[in-house]
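Okay, here's the structure, questions in a sec.
Order of writing sets the chain letters: A, B, C and D. Residues in each chain are counted from 1.
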């Protein structure tokens, strides 16, 4: 249950290696990539940007990892970001303090998560369809709050959440690292992680074993909504305005991608939040390569697609197996007969 | 009876677009016109569907803000067939001009050119390394405003676009991309920023500030649209110029329509709106207050 | 013979008829041939791509790349017709081969590398749109005379409705799709795959060729939809049809096909398309919804349909279970 | 007899030799040899996890084998997929029902070889032929209905019919009778005898030794992935076979009478019922009692168990626990009242396939404790290891996903899951399905021990001998109705059969 350090390290080795390679690519297109300086009261540099700009996806993928572990998916997170940002902005423009705004935004996020959770856990609507509803309607709700405009604000407290620093470190970095740690501890230091995995693998069995799968499912979507809300507040604070039209647009796909690059199965079951967070960093590093390379923007998507494809192919269980086989047949190979000849998936009855 | 006019709007992807919708509604209301509004959510197919829907409903006229220039022949023919006049807003289409009554648009290339010429004048012969924030890749404002700007600076010696990347017309992408420009080029090596819309410029201003530089002084900033926040930025000295794209396309359009429907007066095929340049010389604070309520 | 398995189809059909009647009672103009013809013409490309999506979803997969493939097809056709003197029919064949191959490649990746379809086709989505950008960022008009010929083929019904070629093409695609899904071995294998890949494998279903075939069909039909779209707009534009994959998925689901695979009908998707078209037509006829209310209403209607379907299915299956409770061997 | 010897002189129809299969951390098959002759029924025997299913999968292309040669009628063959094996005339029923729940019975039956007309599948002919085929097995059902509208037994028969239709030369049946009733078993044996006459070679895997001796001519016995012997069944005794399988003697247990007086009254069930599922059901359960639930397939045993456990909600009736009314509307509440239910369908309702054996064993205990109080790692290992040893679960490591265990070992792990919660009322639904003779005896002994320690048990089983062996009372069900109760000396296999049959006559 609680993964010990060596096994965690083993689990995230592929992600660490890929991250290193992509950061290496950055270094290739921009030699000063790793320079970090202290300017204007904050640490400053491309590497810092990767961590800072990766914050929204990182926050989203904390919740998304949990949702996916239950064999679900949450397409609504982008829209929830917009709603939460709009809520926070409209609260501060109405004269409330930043604390109220933050709580208000988180509460709307929780409400959205609750809605998704109820559709999935109680009405038993398939997650992808259930969350599609909010994905379509949610941005409309956000625009309803801002009335289609970019709702700008000057509340220093709120702005500090997105553009401020804590001890010289940009707040978003602190927030996602903190929440990531908190979530990891919450699922691994308690039995929560195992119970979530169990309902992801076989919900019927889990229910018969006494797991309250309904409540757990709702909680998981709730968590996803909360993470999305926090991401939404950060994005709004970053530009001092709630852009209901564009905040979080298509970010759900990036978050899902991050979870998968983190080596988590879309079919639910075993999961690792740390690996997902590394996945988010990998995606942001890919974006960074694109920005730093100075290529014309029409190549952005092709480059991103090819890099991601390469990453996924390398991670594919089949390729991993092939590498294992090649290594096994090397000089210090195992005796012929001990070679596994099937990947686990094939062996499912 | 009252006039019923269908309005096929692209969507609500930006503050400017929202303002255009608001102004159009206001203008229609002023004239006692029943406006049927259809939001296409950035999709041409939805706009075509909307126009066909308007035709089926038998509206008296159609306002169309086309998302893209191509692909309208067929549906415009159907409208012509049903004898419903169509007026284009803020962009023309690649179709025979018999298929629409008139087009009320600004000249996107011209806007870019004004921005370029302003910068060339401002630099007065000094060299300048420019970074460019493009609009959404493939959108016609992005293409035309880039083209116009390049024409505008073509004559000036030493003006050079060193980096150009898309900021998707959004504030947050504008900020993100500007951050990478600042690092890739070094803030002190950038002399000016040209953004295809004000939203990206406003995002970039924040990136510049966070990098410890003074927007408007260390880096000159020119953008297009003249949304309220840009006026505010100019008033605060954080931005240098913006070129107005008026959200009031519907006013002239509806005037032309009413005249046509009343006695068949044919308007000119192209009603060009003014592309007014705003700089620190104007009273931006006043303009800001004036525009604030328009739903930008 | 109406079987319990046909229930979702019946539900969708009933929903459509009911909804249409409601709309028509509010706006009698909705009964005009124009509206009927528009439903077919305007949704032709979406319908064609949804047929492919039905196969993918029946097999338990998903294809997010179709919207981008449509855009790519349009740009490819426009560019090739602008820059070369090749005949459009040859260009059609070329682009169909290309998109079918693209789909097959995704299918092969999914099967042989054991990667989830969601992710493979997501990468495919980026790739296809990226390729469209690289070909041309500007929208390119198609001016070939053959296009005009094709576009001029329509039947003008009394009342002003124009039934165009592409609407017919969609109907044909649906008929062919239904035949393949329900009356061929390949179709049976698709359903089998959706019922459980491992079991299907043990039962002797050729997983590799079926998976590759499914995504090839989806890719090919996305190509066909791209051709349709280019006929519809006479242009190729790299920013076109963003998010169409979600519309297609929604249509398939509204049509009664389960996203988890194995259950559903191609014909159901047809009514799903019509229902979605009806929602949009209704919103245009209403004409008072603001941009944001449009989105909220679409979301709410989507939810209402899902709920209605869920309720009807639930009500009838519990009854059925009771009825056939004791099917014992004798 | 002479007839059979003569057959052995012929070359075998299917000859597999040197078949090896390795899994990470386990040698599943080690140079196994299997000879099948045309016109014989060949039993494949062995303990749980001996490698029987793995051998079948290697022979039919479901797994890639790591070594060995397969000859079919003298020619070397190498099926790489089950489809290829089917093409070679090898039809197989794999362990657990492997049919598609979303297809109709007819579609399942004909998947891959549908009758076609003008290149299109002829659905009408398919339904017609399916009906005819199934009637041959005594099933009068509408093949156009979805498979899931029928019980597991019907599904099993469909699976067999499908395999038979596909087997031109070899038919392989992996535990086909595990969920069948005696009548269906008889029907199946009739079919097998016919096919045997027709010259098919048939492999038959089961843990019911009676059935082995009834239908098979020869047996190959596996132990730990190795062949430990091949015997003509006419020449050996049941005892020999068991000794060969286990590698030791199975002590004949003295059938002690479970006379011990029942303890305090624990559970009172009053008229518990759910419309359309089970008629009002009443029962008193004391500590130190084993109540058996007997009945034919579909008689409602599983439903009764599920109802008691709250897995399905009753719409009438009350449950009194130690005299106080208990509301049980979900498994959670049942578990909180110290109930446990080991379900019949272990694949879909029991195991959590991708989780480790350890997590599976601890799941129910952890769920009861709540997520806030994780069981410490050391305690987890202690409990898991304890039960692995106590129940003799064969595994490579506690960390392996439970789906990789053999069927019987999965069953034991599930028992461990519930024993770990130390229940007071233990409901067991078919606890020995798919369990080998050795483990079978152990589980019966275990039930006996639990009873002696004061647990109250309710056991549903189709095996009468087994029910007789451990029950202190037997409740007979039919058509989802409680018929009568047998106690003490009344409990014999004949009496139970009569109880069911009498009533049947009465009803007829």
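The rule is short, and it goes like this: a contact is a pair of C-beta atoms (placed from the backbone, for glycine too) under 8 Å apart; a residue touches a chain by one contact, two chains touch by 3 or more.
Source: prediction; values computed, not measured.
Asker: Quick check on the contact network: minimum steps from chain B to chain C?
Answerer: Minimum number of steps from chain B to chain C: 1.
Asker: Check A-B against A-C and say which one is joined by more contacting C-beta pairs.
Answerer: Counting C-beta pairs in contact, A-C comes out ahead.
Asker: On a C-alpha centroid basis, what's the spacing between chain A and chain B, in Å?
Answerer: For chain A versus chain B, the centre distance works out to 34 Å.
Asker: Cα centroid separation between chain A and chain C, in whole Å?
Answerer: 30
Asker: What whole-number Å value describes the gap between the mean CA coordinates of chain C and chain D?
Answerer: 44
Asker: Where in chain D do residues touch at least two different other chains?
Answerer: Residues 94, 98.
Asker: Return the residues of chain B touching two or more other chains; collapse runs of consecutive numbers into ranges.
Answerer: 12, 18, 21, 137-138
Asker: List, in ascending order, every residue of chain A touching at least 2 other chains.
Answerer: In chain A, the residues touching two or more other chains are 143, 147-148, 298, 300, 348-349.
Asker: Mind listing each pair of touching chains for me?
Answerer: In this structure, the chains touch in these pairs: A-B, A-C, A-D, B-C, C-D.
Asker: Name, in rising order, each residue of chain D that touches chain A in their complex.
Answerer: So the residues of chain D touching chain A come out as 20-24, 27, 53, 63-67, 94-96, 98, 309, 311, 330-332, 334-335, 341, 343, 347-355, 359, 363-364, 366-375, 377, 380, 401, 403-404, 417.
Asker: Within the complex, which stretch of chain B touches chain C?
Answerer: 6, 9, 11-12, 18, 21, 35-39, 41-46, 48-50, 52-58, 68-74, 78, 81-82, 94, 136-140, 142-143
Asker: State the interface residues of chain B toward chain A in the complex, per the touch definition above.
Answerer: 12-15, 17-19, 21, 134, 137-138, 163-166, 168, 170-173, 175-177, 179-180, 183-184, 199, 202-203, 206, 210-212, 229, 295-296
Asker: Applying the document's contact rule, which stretches of chain A touch chain B when the two form their complex?
Answerer: Of all residues in chain A, those touching chain B are 30, 32, 39-40, 42, 44-46, 49, 53, 143, 147-150, 152, 163, 235, 238-241, 243, 245-247, 288, 291-292, 294, 296-298, 300.
Asker: So in the complex, which bits of chain A are touching chain C?
Answerer: Contacts found on chain A: 73, 123-126, 128-130, 132-144, 147-148, 253, 256-257, 260, 265-267, 298-306, 308-309, 312-313, 316-319, 343, 345, 348-349.
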